[in-house]
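Both of the next two complexes hold chain A, though its partner changes from chain B to chain C.
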Partner chain A sequence: MKKNETEAPVMKQHMGLKASAAISNTIIYVILVIMSIIWLIPFVCIVLQSFRVESTYIVDYVVPHKWGLDNYVKLFHSNFTRWYINTFIIALVVAVVQTVIVLCMSYTLSRFRFKLRKGLMQFMLILGMFPGMLAMIILYRVLDDMGMTGSNSLPGLILVYVASSGMGYYVSKGFFDTIPKSLDEAARVDGATRAQILYKIILPLAKPIVIYTILTAFMGPWGDFVFARYVSQLKPLGMNVAVGLQSWLATDTMTHDNYTLFCAGGVVVAVPVAILFMCLQRYYVEGVTGGAVKG
Partner chain B sequence: MKKYSDLEFLRLSKWERFVYKLVSFFAAIPVGLKNGVVGIGKFFANVFKAIGAEFADLVTTFTKGDWKTKTSYLVMGFGNIARGQVLRGLLFLLFEIVFIVYMVIPGGGGYYLKMLSTLGTEGPSKGYNEVLDTYTMTPHDNSFRILLYGVLTLFFIVAFIYTWRANVKQNKIAEQILKSGKPLRSGKDDLRSMVDDNFHKTLLALPLTGILIFTVMPIVFMILVAFTNYDGAHNGYTNALFTWVGFDNFRTMFSWNVGGVNYAATFGEILLWTLIWAFFATFTNYFLGIFVAMMINKKGIQLKKLWRTILILTIAIPQFISLLYVSKMFNLNGLVNGALKSLGIIKQSIDFWGTPWIARVMVIVINIWIGIPYLMLIATGILMNIPADLYESSRIDGASGWKQFTKITLPYMLFITGPYLLTSFTGNMNNFNVIYLLTGGGPTNAARSGASGSVGYTDLLITWLFKITTGSDTKYYLASVVGILVFIVVALISLIVYNLLPSVKNEEDFQ
Partner chain C sequence: MASVKLTKVKKIYDNNVVAVHDFDLEIKDKEFVVFVGPSGCGKSTTLRMVAGLEDISEGTVEIDGVVVNDLQPKDRNIAMVFQNYALYPHMTVYDNIAFSLRLKKMPEDQIYERVTNAAEILGITQYLMRKPRALSGGQRQRVAIGRAMVRESKVFLMDEPLSNLDAKLRNQMRAEIILLRQKLDTTFIYVTHDQTEAMTLGDRIVIMKDGYIMQVGTPTEVFEMPANLFVAEFIGAPKMNIIKTRLLHENGKYYVTPFGVKIEVDGEKGRELAKRQLGTRDILLGVRPEHIVLDRKGGGIPCTLEVNEMMGSELHLHVYTEDETRLIVRIPTIDLETSERESLAQGKKLSITFEGKVMHFFDPETEKNLLCD
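What follows is the complex of A and B.
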């Protein structure tokens, strides 16, 4: 290309870039709006259908012909209240105990260098490759021997959720790894014990990951289906919300007489959990982006 | 194959480079496998070497030790107490007493060990009870308990041997310290070290106990169950005992015809679908997630926070609600069919969950709905870390947006998220929730109706396992076999891919 010819195309290119940027932004907005609609539709539908009064089974229209709170009233006169309290208690206890266990585990593996450390981590990696469901068969029988199944499944479920939670240390270990070790060493020089370092220096710095751990631990039991189904053995008093609501849909697969009731239950479960999550979103994002990348 | 140097590689054409990379990828597989096998071999060699060294040390400690040390070989903790470390010594002694009592009492460890080879000889039967004047269960062996406590007893014995060894070692160390003229650590020192030098042991005690009892022990138990005939009809305590059957269950799983059921083909089909599903579930989410993150992050796009918040809804709302509801939306008489009909697009309802290939496509598509938000979050974090000057300089060199994506963004993402992709692939292989809540594994595969657990077209190995254990015939032994095979497949894939990853990271690099 000759020298005097270069200027004009560059100008043109510049103008073209601006125009093409506007076009591509428009396309992106269109895609984002469509995606948002797709993401929101199911949740809008479930709320709308939970207010339907004229029928309780599955139908092919969204907006109720007759509105009312019948489903919610019925909900609170059913076993649902029991399931809700069950799940709430489980979630609270699990959130506390699991956080303590996970933090112990991840802090130790991040900060201490002891003989079996590498071997321990590899061992847990291999353990994680076994389907956890397999263990459930025997744990069910053991819990059954201790009288912690069926209607009385609360302690059993808590035990199952909490006991193996040490295996989920990856995310918070990744976070502890990013806290400079020189802090520990400085404190050691000043005569602090290891325990004091943890309580006085590391934990205050680790607030985001502590909140992340509490949040995920609290949300886990709300969605657990497999273990709760095993341990409760579908006894109404021992179920959590997931098993309970699923049982309403599963009992009659043809007509789904409890369909609107399920919608109402879903809303009652989802709204508080979702609000909690949205409030603590910042910490969740921090945990996921920090922890998952280091894998 | 010929190995090119960097310079030679750069001279190749694009197509030749691709072929070269592909060939070297597959050429590396045997090496990766070999490394894995050699690694396992080395591990066992090291274990045997270590055991040999331990024995040699035991002998020298005994012959060279004083009478306190020698007595400790029989009475644990004696040396500690005699030398003034009362707390340690008492703990050792207590452990030994508990162990011996547990092993010798009737119905204790000794009984379970003896019965472990047969899993019980006397089955449950009803006998006439004169006092109650009815037929009641007579006392009998319980296969389940025997296997469970047998395994626990074996664990206990290993723990005892380890503690006994530690007890001997303590004597040796104490002798050395005393010889050098220093004082031994007192009980108070020991307690202090629990929050200081040995703080890691204190912290790990609780989590590791939980993992040992609630993960390791059940896994060992279930591996053993794969070699028994434990099922609903032989549950070991109310109807009949179960016993060892060797490799019969594995033979069943790999046979073409067992009582008219072709388990090998059933397993093969489900495994194939599991791999296809995991592949699509992982990579659709991965690329679409990056794509969405890039769109939202693009300069000039407003309301970034709103878009993210809307997408995150599928993380915030428990999966069982969203998945169950979406599954019902696509029902024969559900909302989607209703909408399509009223819009005049279709006349007859589409049977989304009743047609095998539609159901399979649907679970992958709906999984995108569930999975994109996670990837969006992860990708957003990484994209922000890519140095902006890389893009600047490439733009000056005249690179198009697409070229920037394939040459900068994607390589960077792949490099950083390589390990994540692997765990996400294996995680998807075991993705119980999405499949079970959406389809329940259905539609039923009529050709495989004889197999245990009513196999369906969208069943993964993990949902099949679940259905076997909750179905009508509860063939636990078959579920165990499936579980072991899942482990083998996941472990193989992880091993191979991990060896092929460009960057096996050294974790210390980050600190």
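What follows is the complex of A and C.
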């Protein structure tokens, strides 16, 4: 009897807590769903417009009256294929080279102690605060002298994207710092060289940060407009997808003729990135939080 | 198997902090030497200099007669066990142990033989396919030892290998290290801050403080004849009681006068004092807690009981004398009648005494043992 008397208020309190938790969860989920819908609207609109075949200009409705793949067929019979390949080559090369540079830089700054190490890190921090655009004119002059502009902009753009790679070491260095140094020391005693330690011990443990570095290195050139526009000087052979697609909407007349084609291009550009993100999403989130919180 | 010789080894860090001063030591082949001391005394730094993980600022380290100052750790023919195990978390236990052998490009069948042998000795055969995170602390430390074992190195270095384990497991692993040492029969350098580990494991103990060697000796030597006050207080638990008093030399006999009570220094200690022709002087008198006894006849040093710690087989009595000096007395429980044991409550007036043969005499200025060379 006594037991029931004490149990009842505890049960009531427990039920109350459970109910309030359910209400707050519901509110959170409703807000999240609304936000997701708002963020998805432009993308859904572009996808729908890309299948519209009754007209090529901007219209005031979202769902096409007539559906078809005409825009996609047209897309691959235009310069778009060239731009797509250009962008893919640039992004791939940059992803590989930049990842190698960033990881080596991060490992060096995390593990080695040398004179001016701190000075170098501070210098890079300050340098990173200046917008890259400031260097655009001089970069163009240099690249132009080297013959890497206009139609031949591919190597020029790769050079520009890769040049400042080393400065993106912060997140991965933070992650490397959380890996105990005694692992390096144990490996050194075991007979491993520095390169073997990085390759066999550190990188397998830093998988999330490696994925994160690859993704960010790939994403930068894939979506870049400003540098690509400037270096390619709108020469069709030297453009990437962002510049190419924008060139289709350069004037009102062009927008009138190319809007749905532009939407189809936008969808095709988004596909590989979306697939990449979906596959590597888990590592990407782990990489960002792992490095930031622990470092 | 090899000898290790450290000559005038010094470690100066970039900020000009000197971590180790002129460290001189010769470790014989197959000897088990323990570096012991409080945090920051330079024991781990010295070990790491032997391992090649720290640069040597001055002096030389020789392994088997070869100066190894400029050699990489892998070329020094050493194996090392770290305090935090330092196991590679992404590899299985087997791969962890086999790592160094694979780097040497040893054939897989030989690697298998060595790894399974080591695992059998250490009792970890059933865990070979597990990742380190699926092991307990003790099992992880065994894997770390296994990884060092398979290298079949000349010198085995251990940097506080038991510090991360709980007290019970530490005792068990300590016994296992003694057995392992018999099986491996190689040169060991072992670092610890725990004097019990040092006393039980070492053939010789190197006691360090602030980068200096305080004393090198066998466990018996450092316990029975501590070279200075630091060693006297560091070795032994609870630590030695230190009493400011006077040494009197009267009619050919020696006396000490702690707290106004005159006690004759008889036996071997008295003869040693006479041999050194020491005159009357101020001294620091050291007496270990286990050498103090309750004086039931009266006439001993009067004191008051402050805390009574029941340790099971013995009592640790914290007492204070009339001049507020705190002393610790260690009494085996078996030496006390139940009624006497129960009467030992806070505030009880006691009388304590000790014999001449258990005394240690230190110079108040130099803190050196007056009977040590």
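By our rule, the second predicted complex is superposed on the first by the 256 of 295 C-alpha atoms of A that agree within 3 Å, B and C clash if a C-alpha of one lies under 4 Å from a C-alpha of the other, contacts with A are read in each partner's own complex, and residues count from 1 in each chain.
Here is the rule we go by: a contact is a pair of C-beta atoms (placed from the backbone, for glycine too) under 8 Å apart; a residue touches a chain by one contact, two chains touch by 3 or more.
From a predicted model like this one, the values you see are computed outputs, not experimental measurements.
Overlaying the two complexes via chain A leaves chain B and chain C side by side, clear of any clash.
With both structures placed on the common chain, the touch criterion links A:L183 to chain C but leaves chain B unconnected. Between chain B and chain C, it is B that contacts the larger number of residues in chain A.
Residue contacts after overlaying the shared chain place A:S165 against chain B, while chain C stays out of touching range.
In the superposition on chain A, A:G191 makes contact with chain C only, while chain B stays out of contact range. In the superposed model, A:S36 lies in contact with chain B only, and not with chain C. Look at A:W67: by the touch rule set out above, it reaches neither chain B nor chain C. Contacts of A:A21 after superposition: chain B is touched, whereas chain C is not reached. In the superposition on chain A, A:F76 makes contact with neither chain B nor chain C. Of the two partner chains placed around the shared chain by superposition, neither chain B nor chain C is touched by A:Y199. No C-alpha atom of chain B lies closer than 8 Å to any C-alpha atom of chain C in the overlay.
Remark: chain B residues 144, 148, 192, 195-197, 199-200, 203-204, 206-208, 210-211, 213-216, 218-219, 221-222, 225, 292, 295-296, 298, 300-301, 307, 309-322, 324-326, 328-329, 331, 333-335, 337-339, 341, 369, 374, 377-378, 380-382, 416-417, 419-420, 422-423, 426, 430, 432-433, 436-437, 462, 465-466, 469-470, 476, 479-480, 483, 486-487, 490-491, 494, 507, 510-511 touch chain A in the complex. Against chain C, the residues of chain A that register as touching in their complex are 180, 182-183, 185-192, 196, 201, 204-205.
On the side of chain C, the complex with chain A involves touching residues 51-53, 72-74, 78-80, 82-84, 86-90, 99-100, 103-104, 147, 151. Every residue of chain A that touches chain B in the complex is listed here, in rising order: 21, 25, 28-29, 31-32, 35-36, 38-40, 42-43, 45-46, 58-62, 101-102, 104-105, 107-108, 111-112, 114, 124, 126-127, 129-139, 141-142, 159-160, 162-167, 177-178, 181, 193-195, 198, 219, 222-223, 225-226, 229, 242, 245-246, 249, 256, 259, 262-263, 266, 269-270, 273-274, 277-278, 281, 284-285, 288-290, 292-295.
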